[in-house]
Structures are given as structure tokens and as C-alpha cells.
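Take this structure, written in C-alpha cells, and hold onto it; I'll ask about it next.
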Amino acid sequence: MYRKKVMTTLAAAATLGMLMAGCANQAAPESSGSAGGGSSKVNIPALTSIETPKDAVLPAGDGKATCPSTTTLAYIGAETGANAQLGINIFNGIQLAINQHNKSNANCQVQFKKFDTEGDPNKATGPVTQATKEANIIGVVGLPFSGESKATGNIFEQQKLVHITPAATNPTLTDNGWTTFFRGLGNDAVQGPAAAKFITGKLGAKKVYLVQDDSDYGIGLGKTTSDGLGAALIGTDKVTTGQKDFSATISKIMNAKADAVFYSGYYAEGAPFDQQLVAKGYTGTFIGPDGLKDDQFIKQAGDASANAFFTCPCIPGELIPTFESAYKALNNAEPGTYSIEGYDAATVLLAGIDAGNQDRSKLLTWVKGYDKDGLSKHYKWNDKGELQAPTVYGYKVENGKIVPIGAIGE
Amino acid sequence: MIPTLLTLLPAASADDSSWITFDIPSLMQNFWSATFDGLTFGSIYALVALGYTLVYGVLNLINFAHSEVFIMGCYGVFFTLSFLGFGPSAPNLSVGSIIVNLLLALVVAICASALTAFLLERLAYKPLRKRNAPRLVFLITAIGASFTIQYTIFLVRGPNPEPALTMFKSRPIFEVFGTFIYDQQLIIVIAAVIMMVITERFISKSRTGRGIRAVAQDPDTATLMGVNKEKIIITTFVIGGILAGAAALFYVMKIPSGVQYNGGFILGIKAFAAAVLGGIGNVRGALLGGLLLGLIGNYGQILLGNSQWTDVVAFVVLVLVLLLRPEGILGTSLGRSKA
Amino acid sequence: MSMVDGPTPLHTAKGDQAAENREAVGTPPGSSAAAVRRGWFGGLGEKWQALPRQKQWAFLIIVVILAYLLPIINPPLISTEPGNDFALACQTMAVWALVAVGLNIVIGYAGLLDLGYIAFFAVGSYVTAMLTSSDSTFLKIPYLWTIPVAMAVTMFFGVLLGVPTLRLRGDYLAIVTLGFGEIVRILATIIPAMKGQVGFQNVGHPPGTDASGVPIFANSNGTPWYWLTLTILIIVLLLAGNLERSRVGRNWIAIREDEDAAETMGVPTFKYKVWAFAIGAGVGGLSGALMSGQVGFVNNQKFDVVTSVLFVAAVVLGGAGNKVGAILGGALVAYIPLRFTAIADYKYLIFGLALVLIMIYRAHGLLAARQQLLAYGRNAYAAVRAGADAKAAKTKAEPGTEAAS
Amino acid sequence: MTESTEETGRHAGIPGVDTDVAEAAAAERDIAVKVGDDLVEVKNLTMKFGGLLALDNISFTIKRGEILGLIGPNGAGKTTCFNAMTGVYKPTGGQVLLEGRVLNGVKQHKITRAGLARTFQNIRLFGEMTALENVVVGLDARHKTSVIGALLRLPRHIREEKSSIERGMALLEFVGIADQAATLSRHLPYGSQRRLEIARALATDPKVLCLDEPAAGFNPAEKEELMQLIRTIRDDGYTVLLIEHDMKLVMGVTDRIVVLEFGKKIADDVPSVIREDPKVVSAYLGEPEDDFA
């Protein structure tokens, strides 16, 4: 046994040594030449702070609100399972809003309940039905994913319970005629064209390769982005959730000499994809949507992430110092993707409660007529439940951090 | 009802008729890079497949938990490298110190994998063997063990992959057929092949290897002839673990962010498919099957236009091969083959 | 099987192992030696068998009535509320029980390890969705009609998968079914008509609306769905019982116990394996159709291998080979994460560990009961036992004469 | 049926065998066929495993109504011959015919239904089934209930189920283990397991019953009982092929013996001639007559 191990180790050592010595001797061709377009590192300066709307509505309100102690808001969405992180980002944001509200409004202690769907449409009907049955729950933040939202939207509708999704971006969600569904961010139809404009405009890319995953989000966004890219789009590929090896896709991209790659999906695949792309000598830019904009992307893509840009119909909450520090104090973590959406959505509902809308139908009417600034954006919905004129922001990676570079796509 | 449905099918799919397309120019253009990449990943499959094949040869058991033996090796690599201070950027080290560091990671990975394999055998399979449980019981236990390990890791390390650690910056070293070959690819393929050759020699020449073959061929006779069956079984598991540990190092080298609780599961299934493809129980078959599976997947996805096809193609080829050659390409039997 | 092995001798390895297994004390799943059968529910099965027929029926009727009333009683400690609506939880449990009963035919009876059972569940779901959803371009038929169609289509897929693979050695089946489970999910992504993760909304449901115009079978209204599923579950159980106590069941168990010997005894093993696969698939499709009808939305999420392994866990937990055990196992695997939402993250660990521990310490699951394989065996066995007693008495009385009688 | 009444007398006194029961068990067959025409013909049967020639051009016949012994030293190819005949192996060359019908390439279960039933040297019962159920599996070979028929409990299913209980019990009684009908076969004592194997094979209503070392592990008294049983089976009109190690048993019960050595047939004659055949004697030289007995 022992002898074998030694032999194995020796063999591996010999091989490694041989090869490493070999390549060290060579004047390593740094630019492998196969990536066309040149290293078009567009230098867009990072924003260090953004203008927070002066009269943004904050959860604390005026501190004079009164409401029954049974008043409850709920979060319904993933708390466990593979999609848990997204859910945690969101309900931590909600929790922060509710804590701030309750702290300053001694006479209105709003309760907070969480229901776990694991992000699974098959599981979602149970918790949603349960939540709609509880009369004290008058407003809901959720559900984060498009699939589960599709499966349960009609239940909210039947029970006339208002819910604001902080993350579901499938455009068709608002085509169901549901009067209780409100989307707290721009949908894929907003982000896609903006991303396309950003890539071909500010980033100056001429040959864009689009890779999408198999998620509802990735497919929807891939479609609207490729429509926006027009002639600049030189090729597409599709990958699956859970895929780890992207070498075939990468060789197609390298042979196509793309100078920008747009990845329409989540960081779990996007990060190793970018990492492998750069390891194969790709020198162009890598652009992803809000599904990629997470610290996990940088952790998993390593150094390769330096070439990455992100688009997001969300405001950089981490740049709003009050929000960032409060969030950190509460959750011992930086705000993540959709944290501020959760916070703002909860704020809309809390403001309604403070204004005396303390049953389901009144709160629904309140949200319908809402027209105020939130911390991240202006909230006013059209009759389908879409935000009017949401802003898409651009981000980039600088020194291992995601930093905003301002609004894009206008 | 059914005829009505069938007549409707073309109409239904008319608007999206082109879900299968054959992009031959793309395959021609990317053929060599797909080949080199396929061989690289195929070598990793092959190393893992060897673990399946050896255990199957000796125990007639599909050790579903071998994927977890592998992933524990990956964690071994990860923890060693992060302990040694590797980070997201390639370290600026001399070639010599990189080699030392990698060897250290290799040793830890091999230990982690071999220990996992050892414990798995002792805790899960041995009790079953003692009471001569039927095959189905072994299989279900193996699946249960695989889940147990995966979700223990999940609870300890969370759902996200570990941060990527770069061992060295991969560089192209020469060009063949207009395609660059990277040092990383060469290291993985050559090292994997060397390890497999050593394994083959070990099994065909050494005393322990003869014991393994004897047990594979006929456990009872082997026992009568003085072979310590229990010792052979545990040795087989440990050898499988060692190879999986080595595979883990190469895997993390290639996919730094692949260290995740369920990162081994699908890879394990594919490695097992590779073993079956080549002929389970056959050491050379594992190598052949692994390389073939790597190539087929890559060619398939390029030909069919997107990488979602990879697993479909690999699976269909596996079924076709099994239909034509139920024993796999090189035939089964660890005991009878030369290796 | 030997047919494809050509002139290669099957002997030693397989034959001897089978021989070993037979003589060994080891117990296959779903089967249990009487000697080691006593466990947590010690002797329950035997006591049950000893009851007179009328009492059995009376007891069963009470159990069935209680089962129907379950969502209405909503027992405090058992209820999954406040985390999950209890009526819907009951529906989920019933669907899982149905899945387990179907998979039990494949694993428990015929001894075929199907790790891709989720694929049949998925096919059933998709058939229903594509024939009823407004998002689908297929023709539309009423929901209730999709149930037989879903079963027929999944049975067709079962045969399609079974015919090439069931000729292979038993172990390969596990890997091929595992692959098949993944393929169905991936094809749902690739084939545009199946809409991938975008999925199908407004999947149909049985007709009828209440006074306020809300459908009786709304996706939030668990009770009618549960009653529908429970009724179907009972019918499936009765039919599965018919199969068990027939030539079909005996042939399946014979295949599970010793496939070569079964073939030699004139059992067309391949044909019966395909039947087991097809019938199992049909029940899988049925449960998929029921699940998708209730949820009202179908996409490719969650038709994954991991869920498939939970299905296997459900069967094994309850006691493979035992219908009642399968129901218990299926219901438990669905119930535990719904009831104890705090441990949802632990469920895979719990069930994985349960698989290992059950296989090591209690291979026959929670409820151990042997299959009844003869439709009219009851009286015969009673006669045998009576006869044996009488004989013993007789032998005692006049030793030596017995042989000549 | 008329002949069977004449036979009845011969059964009397056989331990554990009830003649009426034997008739019930074999209700639908001609009982007591005279030894006569060739029932099974084995023509030039050859079997190669890789480079090993296990059977070399073996030819013999089994005549209707006889008990044919197939003997030979260890490794002579007896069981291989058996397996090649019953479809477990595909012969490399040669033919096996049952009543003129070629069995080569016919699936095992069809060979069984054609009338060639066997037992196993190493008992292979369905351990988790009761003795009765084991026998009923054999009876099922003649049943015609379809899956649909069983599912819906159609009349044929009910008829067959009822008759199989009766016939199954009768068969168990025939081999003398009826009192253990409700016992799981894995819990049966060794001797009963051997008998159950025979009952299960008989249940398939074979024309030829092939017994592979049925006396292995038996003591002399048990062997004697077994010989009686085999005779009774033959007297009921079954043709028997008996593979056996124990020369005494073979000599005592068979009508004719085929001797194999190293895959070749070296003798084929009545027991008294075989006993004296120098080739057979030399083949068995050094091997005790009663090995494993």
C-alpha cells in the first residue's frame, strides 16, 4: 500500500515538475492571440456614493402610528434549500425595515412571519394558502422566484392579499390579470435592452457572445438582451444549472473571437464560466445581470472576475450608508442581491399601515395608489403591477468588490 | 385520443421546429479544442471511474458513494491550499515551491479520499456483507451513504461552493492543429495516464493485485487459497480512494470553484457511466470509457449547438453501447482481464 | 440475463451468489424472515393476518373514514400549520403515498432499482400540463381525461425505457434509470414545446365552482384534491392487491428472489419485468398528473435525481414490498419536512441516514409484512395448520401408521 | 386415466406419498407412459468456454418413461450438459430436441413450458415465498391469466387461482411436505427444501424432469426415500433425467446410464453393464463412489 502511494506521488511530481519547468522556460505568450477584439478594458469610474432621494419614505415613519398588535406582514419564499441565500438576503432586508418601524412606533408593533417554499413551485401552494388563511397577515413580500409566483398568484388574487415580489422578473407574470401582484423591480424586458445598450454603447463591444442558462430568468433575459444586441450578437450557447465544465462553450467563444460575453443566468454557473474563460486566455469583457451581481461571483471566479460588469434594475443599497450599516448591524453581513428590494417593499407596506390601512383591501388600495420615492427607486405601479420607469444600473468589479458605475441604458 | 395527439404534434412544434440542429461547421472549427478539453476532463472521469470499477470487480457493488469519496478529496485540496495561503489570484511562486505545495495538497486529498473510502466500507458495507445481504440492499445503502455525506457537508459548509483558489496560471505551451495546448491540460492527462498505468501494473503484478484479481474472480476459492478477503476488499476501497484523491486535485485545478457539497454527484454518475461504457470491472475499460465519455460529451454539445445536450448525448451513447455490447466496450471482469 | 450473455457461462459468480444469499440469513428489502420480523411494530402483520375477515373489513372501513376526515379534523399536534396549510399537506402526503405505492411495485415486488422514477412523475405532470394549460399549443381536453392519458403515455415511456434496459444486468438498470431521470428534465429544457423553467400556468382541474365562483378544485383548496387523490390511492391499492395475489405478483416476487430460477420455472422474466416497469410508470404518471393539477403550474424544477432518491427512501422506509408500508413511507417523507419546517434543511441528511440505518439494521423497513401471493391462500393455509395439528395429535396416538395411510 | 388405476397399487406403502394426490396433481396428463420412443434427443452437443471445451460432441437420447442417469467424475461436464439442454447456456454446436422440436436458442421459460423442467444442484427456491407459493409459481407456467385478467379478477384468474391451491397442495403432499405448506421456504429443513424443488419442477407439468444431484447432502435413509420418490414420479408417467454423484443411488434407480468424462461420452448402457465397464471404472478410479454422501 505504502509503496503504491509513494510511486503515485513520485509520478505525479515528475509530471508536474517536467511541465512546469517547460512552461517556465518559455516566454509565456501572455496574450494568447486567440481572443480577438483586443483587451478593450473600458475604464468607467466607479461611483462612490449615489444620490439618495431626499424625501425617500423610510420605515420609521413619523413615529406616531398606531395599529392593533396583531397586524402582521409576511415573507413567503425560500428559507432553506439550494436557493436559500437569495431568500435570506430578502427577509433580512424586511426584518430590518420592520425593526426600524417598530422601534420608532411604540404604538404600532407590526409582527413578521416567514413561510418557507424552498423556491419550489410544487411546495409553494401550501405555505401561501396558509398565509392567506391567516387574517392577521395583511401584506406579503414575496415570492422571490418566477416559477413559484406563477403557481400561487391566483391564491393571493382569490384572497385579495397584496404581495410585492422583490425578485421575480419574468415579464409574463403581470399578464395574468392579477390585481394583487406588484413587482418591486424592473422585469427582464427592462433589463435586457438596457444591458444590450450598455454592452454595445459604453463598453463598445463589437462582437458579443450570449450564453444563457436554463432558468426562467436566464431564458427571458437572454431573449430581450439578444433582441437588443442586434447585429453585434455573433453567437449564442445554452448551459444547464449545475454545469461545471464550460470548455466546449469556451472554445466556441474563442474561435468566434468575441470581445464581450453576456451571461444570462446566476452566479453559480456564471462564476466558474468566467473563471474558465479567462484561464483559456479570453481578454474581453464579461457582462452579467443581477443574478450574477453577488459577492459569491467574485469568490468563485477568483481573479478572473476583474473583467466582469453587471447590470441590475436595482440601486446599489450598499452605497446608502445608513442602510448598509444598519443591515450589517442586524445581520452581521453585507447586504446581498435583493436585500434593498425587500427593505423597500416592506417599507411600502409599513407606510400603508402607518397611514391607517390596516386591513387587506385598504392596504391593497394603498399600494395601488402609491407614488413615492423609496430608498432605492421611485415606487409607482401601473395597473398591471409593473413599476413605472425603473432604472437599470451598471456595476463593475474593482479590487475584488462590486462597485456601481451609474445608471445605464437611458 | 392518441392518434389525435399525434396529428397535432407537428402543428404544435411548428413554431419551434428547430430544437435539434446539427452544426457541422462548428464541430469542424472546434474539433481539436473540443478533443483536448474532452481528453482532459475524460482523464478525470477515468480516474474516478477506476474506483467504481475496482469495487465493482471485487464486490459486484455500484459504490454510489464513491462520488463523495471524490468530493472529500476536493475538500482536502481546498483546505490544504487555503492553509498554504493560496487565493483567488495565481501566487507568484517559483516552479519548485508550486510543485511542493501541489504535492502537499495531493497527499492530503489522497488521505481524505482514502479515509472516506475506508470508513464507508467499514461502517456501511461491512455490516451488510457480514450478514450476506442481497445486492439491492447494498445499492440502497450506497445511495443513502452518498446522501448522508453530501448533506453533512451541506450543513457544515453551506450551499455555496468554496471560494476559488488558483494554483498556477495556466498557459498555452504549444500549438497543434491551430489549437493551443495548455500546460494544465497536459499535466492532467499525463499524470492521470501515469497513475492508471501504475494501477494496472500494480493489479497485474503485485501480490496484493493478484489477491484482488483472485477475489474478483471467485471470492470463495480465493479465500480457500489463503487470500484474506476482508483485507483485499478494504485495500480495493483504499486504492479507489487514492485515485479519487488524485482526480480531486486535477479537478480543483481545472475547476477551482467546483468544491461544493454536491459537486461530486453528477461527476460520479458520469464516471460510473464511463466505467460501464468501457466494461465495468476492467481497468483499461475505465480509461477508455472515461476518455470516450469526455470526448463524446464535448463533440455532442458542439454538434448539437448547446451544452445542455452534453449529458443527453453521453447517456444515449451509453445505452446504445450497452445494447450492442452488454459487457461494455472492452468487456467486464477484473479477474479475467490481463489488467 | 443469460440471453444476451451468449456462450459466456453465467455460473459461479451469479449462481453461487444467489445460492449464498438464499442460504444466508440476510433479508432482501421487502422481505423479512419471520424470525427477525419483530420490530417497532412487532408482530403487527401476523396479528392482522390472524384476524377474521369481517373484523379486518370493519377495521379497514374505520381507517378509511378517518383518512377521509383527516383534513377536516386537522388534529392539533399532527397538523402542519402554521407553516403549511394542512389540507394541502394531506394532498402532498397522498400524492407521495401514491408515488411510493407505484415505485414499490418496481422495487419492492420485482426487485428492480429504479432511480429515475421522478421521470415518470414528470412525464405525467407534463402530459396533464400540455393538454390543459393555456400556455400550451396542444389541443385541450378536460383535466379528468388527462389522467388516463397521462397514465398511458407514462406506461409507454416505461416500456420504451424498459425494453432496452431490462435485458441488461440488474445493476445497470440503476444507472440507466438515473440517467433517464436527468434526461427527461434536460429535454424539458431543450424542447421548446415543453417550456423549460418558464413552465405551464393554469393547468386544468376537475370542473365545478363554489357559490362565490372560486373553483372547488382550486390550487389553494386542499380538501377536495386530497379526497380525489385518496380515492384514487385506494383504487390503486385494491388493484395492486389483486396483482399481488395473482400469477403476476408471484412472478414478480420470484424474479426478485432469484431471477434465473424464476426463468427456469417458466416465468417469462423479461416480460414481467417490463410489466412491473410499465405499471410502476403508470402509477408514477398518475401521481404526476394529480400533483400538477393541484399545483396548477408545471415546470422543470424539482424533477431532479435528488427527489427521485427521496422516492426510493419513501419505499424503503416503509418497507419495500409492502403496500401499506409504502403508503406510510411516502406520507412520512412528505410530512416530516412540512411539519417540522425548522429541519427542512436537514431532510436529505435525515432520509439519507435513514436509508443506511434501515438497510443495516432493519432491511424490511418500518412496517414489515410479507406479500400475500395467493388469492385463495387463506383457507388453504388455515387447513394446513389445522391439518398439521391434527396430524401431530394422530401421530402421537398411533405411531407408525401414519406413513402407510 | 384407466391405466392409472392399475398403477395405484404400486404406490402403496411409499412413505409420504399419497397416490390419489398424485393423480390430482397430474390431473391433466397421461399417467404411466410405457418406456418407448425417444422423447429428448441430444445431438452432437458441443460447448466451449473460451478455449475450454466443456462438452465435446455429446449425443444421447432420453426415452419416454425412463429414468436416465447422467454420471461422471467431477468436472466431467454433467451440469454443463444440463445447462446447455435447459437453455441456461447457448450451445456452441449441436442440437437438443424435445419431441422433435429443436430447443436451441429457445428462451429458458419457453423450454420449461415445452416440457423440460429442472431442479438445481444448489437449491434455488424463492426464499421469501411459502412452500405452497413456490409450487404455485411452477403451476403458473401452465396458466394463461394475463396482467389485465389478474388486475380485474376475471373469471379465468379466479378459476386458475382456485385450482392452483388444490394442485399445489396435492403436489406438496405428493413429495411429502404438505404439512409445511405455509412455511417460508427459507425456513424449511434441508430435506424439505430438496423435495420442494422437485414439487416446484413437477408443477410446471414437464415431460422430462431433470434432477441435478437431488441427493446432495442427504444421509442414506433420506437417499432411500428419495429413490422411492423418483420411482413414483416415473411411475406417474414422467420421464426423469438424473444427474447424480452417488453411484449407489444411480445404479439403484435408473433404467439407463450415460457416462461423461472430460466432456466426452464414454458409455451409455443399462446399469449392470455400466458397473462392469472398464472405461467407467477407470474414470472413477481414485474417486470414492460415495463422495459427498
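For clarity, chains are labelled A, B, C and D in written order, and residue numbers in each chain start from 1.
One rule holds for everything that comes next: contacts are C-beta pairs under 8 Å (C-beta built on N, C-alpha and C of every residue); 3 or more make two chains touch, one makes a residue touch a chain.
Which protein is which chain? UniProt says A = Branched-chain amino acid ABC transporter substrate-binding protein; B, C = Branched-chain amino acid ABC transporter permease; D = ABC transporter ATP-binding protein.
Owing to the predicted nature of the structure, the values given are computational and were not obtained by experimental measurement.
Chemist: Kindly list which chains stay connected to each other once subunit C is removed from the assembly in thought.
Modeler: Apart from subunit C, the chains cluster as A, B | D.
Chemist: Using mean CA coordinates as chain centres, what's the subunit C-subunit D distance in Å?
Modeler: 38
Chemist: Measure off the straight-line distance from the CA centroid of subunit A to the CA centroid of subunit B, and report it in whole Å.
Modeler: Chain centres of subunit A and subunit B, defined by C-alpha means, are spaced 34 Å apart.
Chemist: Approximately how many whole Å separate the CA-defined centres of subunit A and subunit C?
Modeler: So the centre of subunit A lies 41 Å away from the centre of subunit C.
Chemist: What are the residue numbers in subunit B that touch two or more other chains?
Modeler: In subunit B, residues 306, 308, 311 touch at least two other chains, as defined above.
Chemist: Mark out which residues of subunit C touch at least two other chains, giving numbers and ranges.
Modeler: Expected reply: 16, 21, 28, 186, 189, 345.
Chemist: List, in ascending order, every residue of subunit A touching at least 2 other chains.
Modeler: Counting only residues that touch two or more other chains, subunit A contributes 81, 84, 214, 240.
Chemist: Building nodes from the protein chains and edges from chain pairs that touch, which of line, ring, star, complete or other describes the result?
Modeler: other
Chemist: Let me make sure I understand the interfaces: which chain pairs count as touching?
Modeler: Chains touch in the following pairs: A-B, A-C, B-C, C-D.
Chemist: Which of the residues in subunit D end up touching subunit C in this complex?
Modeler: Counting only subunit D, the residues touching subunit C are 12-13, 15-16, 47-49, 80, 83, 86-92, 107-109, 112-113, 117-118, 120, 122-130, 132-133, 136-138, 140-143, 145, 147, 150-153, 157-158, 160-162, 164-165, 168-169, 178-182, 184, 186-187, 200-201, 204.
Chemist: Can you list the residues on subunit B that touch subunit A in the complex?
Modeler: Touch residues, subunit B against subunit A: 26, 29-30, 33-34, 37-38, 40-41, 87-90, 95, 98-99, 102-103, 106-107, 110, 159-161, 163-166, 168-173, 180, 182-184, 186-187, 190-191, 194-195, 198, 202, 208, 235, 238-239, 242, 246, 254-258, 262-263, 266-267, 297-298, 301-302, 305-308, 310-311.
Chemist: Which residues of subunit C touch subunit B once you look at their complex with the stated criterion?
Modeler: These residues of subunit C touch subunit B: 4-5, 12-13, 16-17, 20-21, 24-29, 107, 111, 113, 115, 136-139, 141, 145, 149, 152, 164-165, 167-172, 174-176, 178-180, 182-183, 186-187, 189-193, 305, 309, 312-313, 316, 345-346, 348-349, 351-357, 359-360, 363.
Chemist: Per the contact definition, I'd like the list of subunit C residues that touch subunit A in the complex.
Modeler: So the residues of subunit C touching subunit A come out as 80-85, 87-89, 92, 186, 189, 196-199, 201, 214, 218-220, 222, 291, 294-302, 338, 341, 344-345.
Chemist: Where on subunit A does subunit C make contact in their complex?
Modeler: Checking each residue of subunit A against subunit C gives 79-81, 84, 113, 115-116, 118-122, 124-130, 132-134, 146-147, 150-152, 154-155, 158-159, 170, 172, 176, 214-216, 219-220, 240.
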